[in-house]
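The following pair of complexes shares a single chain, chain A, combined with chain B in the former and chain C in the latter.
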Partner chain A sequence: MHDQLAQIGIQERELSISHEEPEHEEPEPSRASRLATRWRVLARDRAALAGLILLAVIALAAILAPLVSPYDPNAQTSAVRFARPGAGHLLGADEAGRDILSRLIWGGRVSLFTGVAPTLAAAVISLLLGLIAGYFGGVLDQITMRTLDIFFAFPIVLLAILFAGVLGAGLRNEVIVITVILIPYMTRVVRTATMSSREQEYVEAARAAGAADWQIVLHEVLPNVVSPLLVYAAVLCGLMILVAAGLSFFGLGPPPPSADWGQMVNTGKSVLFEAPHVAMIPSILIVAVALAFNFLGDGLRDLLDPHTLR
Partner chain B sequence: MTLYILRRIAAAIPVLIGVSLIVFISLQLIPGDIARALLGPMASQDTVQRYRESLGLNQPVPIQYLTWLWHVLHGDLGRSFTENIPTTALLAAKLQNTLILVTASLLLAIPLGVLAGIVAATHKFSWSDRLGMGTTLVLGNMPTFVVGLGLIALFAVQIPLFPPLGMYDILGSGGIADLLRHLILPAVTTAIPPAAIIAKMVRGSMLEVLGQDYVRAARANGISMRTVNYRYALRNAMPPIITISGLQVGFLLGGAVFTEYIFAWPGIGLQLQKAILARDISVVQGAVLIIAAWFMLVNLVVDVINRMLDPRLRSPR
Partner chain C sequence: MSTALIEARDLKKHYPLSGGLFSRSARQVRAVDGVSFSIEAGSTLALVGESGCGKSTTGRLLLRLIEPTSGEVLIDGHSLNEMAGRQLRRARRQMQIVFQDPFSSLNPRHSVGEIIAWPMRLHGLGNETAIRARVRELLKLVGLQPGHADRHPHQFSGGQRQRVGIARAIALESRFIVLDEPTSSLDVSVQAQILNLLQELKNQFGLTYLLISHNLGVVEYMANDIAVMYLGQIVEYGSAETIMSGPRHPYTHALLSAVLGPVTGERRKRLILHGDPPNPASPPPACRFHTRCPYVQDICRETPPPLEAADPGHLAACHFADQIPQYVSRGERNP
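So, the complex of A and B:
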């Protein structure tokens, strides 16, 4: 997942919002028809739609785990140890004879949470930091950016491993660690969007009309910052699921028996020779979810671009 | 040019100080008493107290930091209490193994990525482009540990071609042949995700250049496609390619941490994992510092190379 961060650097640049005024030849469409257009844009983007459906199914399964999980995820049946995928156990059983599908469904609760919750938390904090630094500039901006520079000097996974190793294993710490490592990257995106929005004519107009700074930030700048942040957040969600899985794989995740996907891969690693499917099935799911978030992010970018709505 | 390099180095110094601060402070966050944690619950209060003093833990934190920094600047990273040897010596030996792995991965990732990207760009929208870019998308999104386990499952379990692990002594009895046999799977593992990202970048960068007017003009003048593609386009597509490859060189070290763990490769990443679980603080500090410094150095070198290649950036401002 370290590698994908290089991509993030590029994506960050692609995120910069365009400020070209759409030509207003047609009358402003109504809210309902705008929503309908948005939906059509999304439905046309097959990759994004597939990603959305996959994520919805997995999230729903995780939420409804007690209802949809075929077995108790921790019930050990020695008779089915290393069972290959098939009838009875759809995705087979692991080294302790536990049903893999059930463990994936329950593990989804932890894995999705450790990807999504920190991204949301970091988005809120970064929005605040980035808006202040980008809008007011000056010394405040300098201090913020120089501090963030220090964080950019670490490969992101290394920072996660360092902090997780220091704080100790566990779900709460994992969420804290991932939130902290995300803040520098998200703040930079918010700041860039804020700075380019601040220079626009509509901000000048609002100021001429006598709007206070906080009003300008809230009503003029914020709406232009939220779109790129949202797209970035979708991509980061996928990436953070990879990071969380990596931490668990490293032995820094929530302690057993509450298995998340990364931990399932880690335990599967030790029985790779007897039963490769124990490690491979959760691996495939992790990659699929990361890809789904990626597609969703790309789709969102097209969706939120005002040019596609004309 | 020299001035630029000096200026970049000067700018890197405060960042390095910040990095050392983060590494130092983060280890202050370890819950509980470090000396007690290291000695275990059986140690007497008196022993713990004496151990605290020997570690300098009774000093105020800023003094502790300065003392630590002073030693680090003199190449003294402290003493590993699990291995009971100086941390610098321990990590130097491991760093050498990591560099072997990273160099091998680099020699795979960059040519592979650049080649795949060029082929995809010059055959835009053909089936090979689509297949290549689809593969790239999937591989670029794979965490290193998934790639590694997948390769082991394929090439060590299903078709037993390579040993899954067991690189213990780099310069041991096996010689170069043994080293290579053990090196192939880990090197490919570390190389695959960066190669995929480089390929994607090269394709995008090439396509952009190939759409330029001067490329069309060159073609209109009857210059062969091959010359246009490789002499004109590739050269101008280079700066973003170098930037992204450089980033990958830095990130390779991060990916290598996982590769080493999977394949039990005795490098700095495996040592870091052991040290974190054992709370071997000086080793954690040292390993993180080394990786971060390497990462910064690579970024600096990449900027300098880009500047040398682009005449517009080379001229004085």
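So, the complex of A and C:
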């Protein structure tokens, strides 16, 4: 016995103390306290918290637009044309004498929607495509990815304009266009995460336990795919608000007079030198929201990392 | 007692080597090339060999985690490879695996309790309350605390993770467990604890093990029988005692020479190999070991040696199994 163990490089003394690895009983964290931990992680991340607050305020204002907007966003008052920010019109008025703050609040409905809705729709479709392509591989993977590669060959905005041109302007088409643009990018993220998860031994363990492919995909692979997708989606939300603003800027968004941020920049550009605030204020908001989504995405990545779940 | 629980019959697994999209590939890697053995219920067979010799592939073939190119696996005399659907699922309940890497083998997104409970849920073994109670029991059985069920894998050390992997493997009350290098990635002090745990579980539940390892110290401690693999084939097979004390194949001799151990007074003739093992895509003809064998003769390059009895119950695939210098001379051992 001693001889055998010595060959593994183990002394008898160590064996006699074996079995129980030194262990100190710690109180187990409750579900509530783990939620609290998650919240602390987010709160520590100042940028993510700021992003979250900004987005919450804007979303709330957009939802409650009829209650919080000081004016009718489409009411034109020629007396206040190009009014500078100040009393009466907090953020000034545009070339038609419409209150900018009210238009931003109402426009938030459109702009947030065109950022978030296509991202969610694309996320669902991409999950399906990416999981199948990544998990099963082979011909299915080749067909899916080579098709999507065609889309990668074109710049996003060019593709958006192309589709919008074919489908025509309008809110519904804008959402469809942005969804289509997003699918290749998100599918690629899902597929990559799927492929790396599929190679892990826990998938083999699941198969040894008698799990079918669909059970392995749902129970073992999906949880490892959702969080990178969520992080990516948060970042893309911001980018898509920019794209939506761009489409509106080119007149491919919802038709006037409905307010949306991109269109406000568009109409403001003609008076950029006389009344810079008309274009600048919505531009700043667009950039701020895009940044907020980015920060939130970074924060989510840390939050969803299982290693932060202490 | 001498009933074979698991039997491998001429298992082969060849992987095609793809040369690119448009080139047709005729070449293939013969990862496992005609392996046969059987494991009696309640015993441990060790598969030994250097990395790349096909021992892990053999373990996965036994569980049908990969499909063999040819050959079959019998469990209780029934062909695992002919099963499908419900029958296959039932057979899978009988056989589990413990992996080498305690990091990749536990899903980082699940709690330890979920990891251990899932196989039981898959097979519909009891309601949630019963499964939760069983998880706590299993955790205690492998030397962890019941309260650990809510933690995630990253909160554990390598040894503790390996215990979780073992708990998962015994959750279904399987009879046969493949241990794929279960201690290779652990600290030496923890290795002994895990090996003891595995032995205890084996005694307590009458488990049958296939132990895949390159560590002959571990093998000697655990195994009843040993099969030595080289380039996808078994070159020597016998009881642990006979192989450890009197190997008949020069390759086994070399493996034993590589074990670090204290000087025990026995005078052992060491055999040191040079060079890397040949590419399994183009194994040497005839005896696959002839390129590295110090005793090579012309016949070794011309005729593949059959795996045949050197002594009763002790098989070796070497033309000169009876003639090569002995690892420990018999005269010294039995004066």
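The rule we apply is simple: the second predicted complex is superposed on the first by the 280 of 310 C-alpha atoms of A that agree within 3 Å, B and C clash if a C-alpha of one lies under 4 Å from a C-alpha of the other, contacts with A are read in each partner's own complex, and residues count from 1 in each chain.
In this text, a residue touches a chain if its C-beta (ideal position, glycine included) is under 8 Å from a C-beta of that chain, and two chains touch if they have at least 3 such contacts.
Just so you know, these numbers come straight off a predicted model, no measurement behind them.
Undergrad: Identify the partner contact of A:Thr147: answer first if only chain B is touched, second if only chain C is, both if each is, neither if none is.
TA: A:Thr147: touches chain B, not chain C.
Undergrad: When both complexes are superposed, which of chain B and chain C contacts more residues belonging to chain A?
TA: B
Undergrad: Just checking: does A:Glu220 make contact with chain B only, chain C only, both, or neither of them? Give me first, second, both or neither.
TA: Touch status of A:Glu220: second partner only.
Undergrad: So, does A:Ala83 touch the first partner chain B, the second partner chain C, both, or neither?
TA: Neither chain B nor chain C is touched by A:Ala83.
Undergrad: Looking at A:Arg207, would you say it contacts chain B, chain C, both, or neither? Reply first, second, both or neither.
TA: So A:Arg207 only meets chain C here.
Undergrad: Once the shared chain is lined up, is A:Ile161 touching chain B (first), chain C (second), both, or neither of them?
TA: First partner only, chain B.
Undergrad: So in the superposed three-chain picture, is A:Leu285 touching just chain B, just chain C, both, or none of them (first/second/both/neither)?
TA: In the superposition, A:Leu285 contacts neither chain B nor chain C.
Undergrad: Just checking: does A:Ala244 make contact with chain B only, chain C only, both, or neither of them? Give me first, second, both or neither.
TA: neither
Undergrad: Both chain B and chain C touch chain A; at which residues?
TA: 3-7, 9-10
Undergrad: Any idea which chain A residues touch chain B in the complex?
TA: Result: residues 1-7, 9-10, 146-147, 149-151, 153-158, 161-163, 165-168, 238, 242, 245-246, 249-252, 265, 268-269, 272-273, 276, 279-280, 283, 286-287, 290-291, 294 of chain A touch chain B.
Undergrad: Can you name the residues of chain B that touch chain A in the complex?
TA: Within the complex, chain B contacts chain A at residues 14-16, 18-19, 21-23, 26-27, 29-31, 137-138, 140-146, 149-150, 152-153, 157-158, 164, 193-194, 196-197, 200-201, 244, 247-248, 250-251, 253-255, 257-258, 261-262, 272-273, 276-277, 284, 288, 291-292, 295-296.
Undergrad: What part of chain A is in contact with chain C in the complex they form?
TA: 3-10, 14-15, 18-21, 23, 25, 28-29, 200-202, 204-211, 215, 219-220, 223-224, 306-307, 309-310
Undergrad: Which stretch or stretches of chain C touch chain A in the complex?
TA: The contact residues of chain C facing chain A are 60, 63, 65, 88-89, 92-93, 95-97, 99, 101, 104-110, 115, 118-119, 122-123, 143, 145, 147, 150-152, 154-155, 157, 159-160, 165, 168, 172, 188-193, 195-197, 215-218, 220-221, 259-262, 264.
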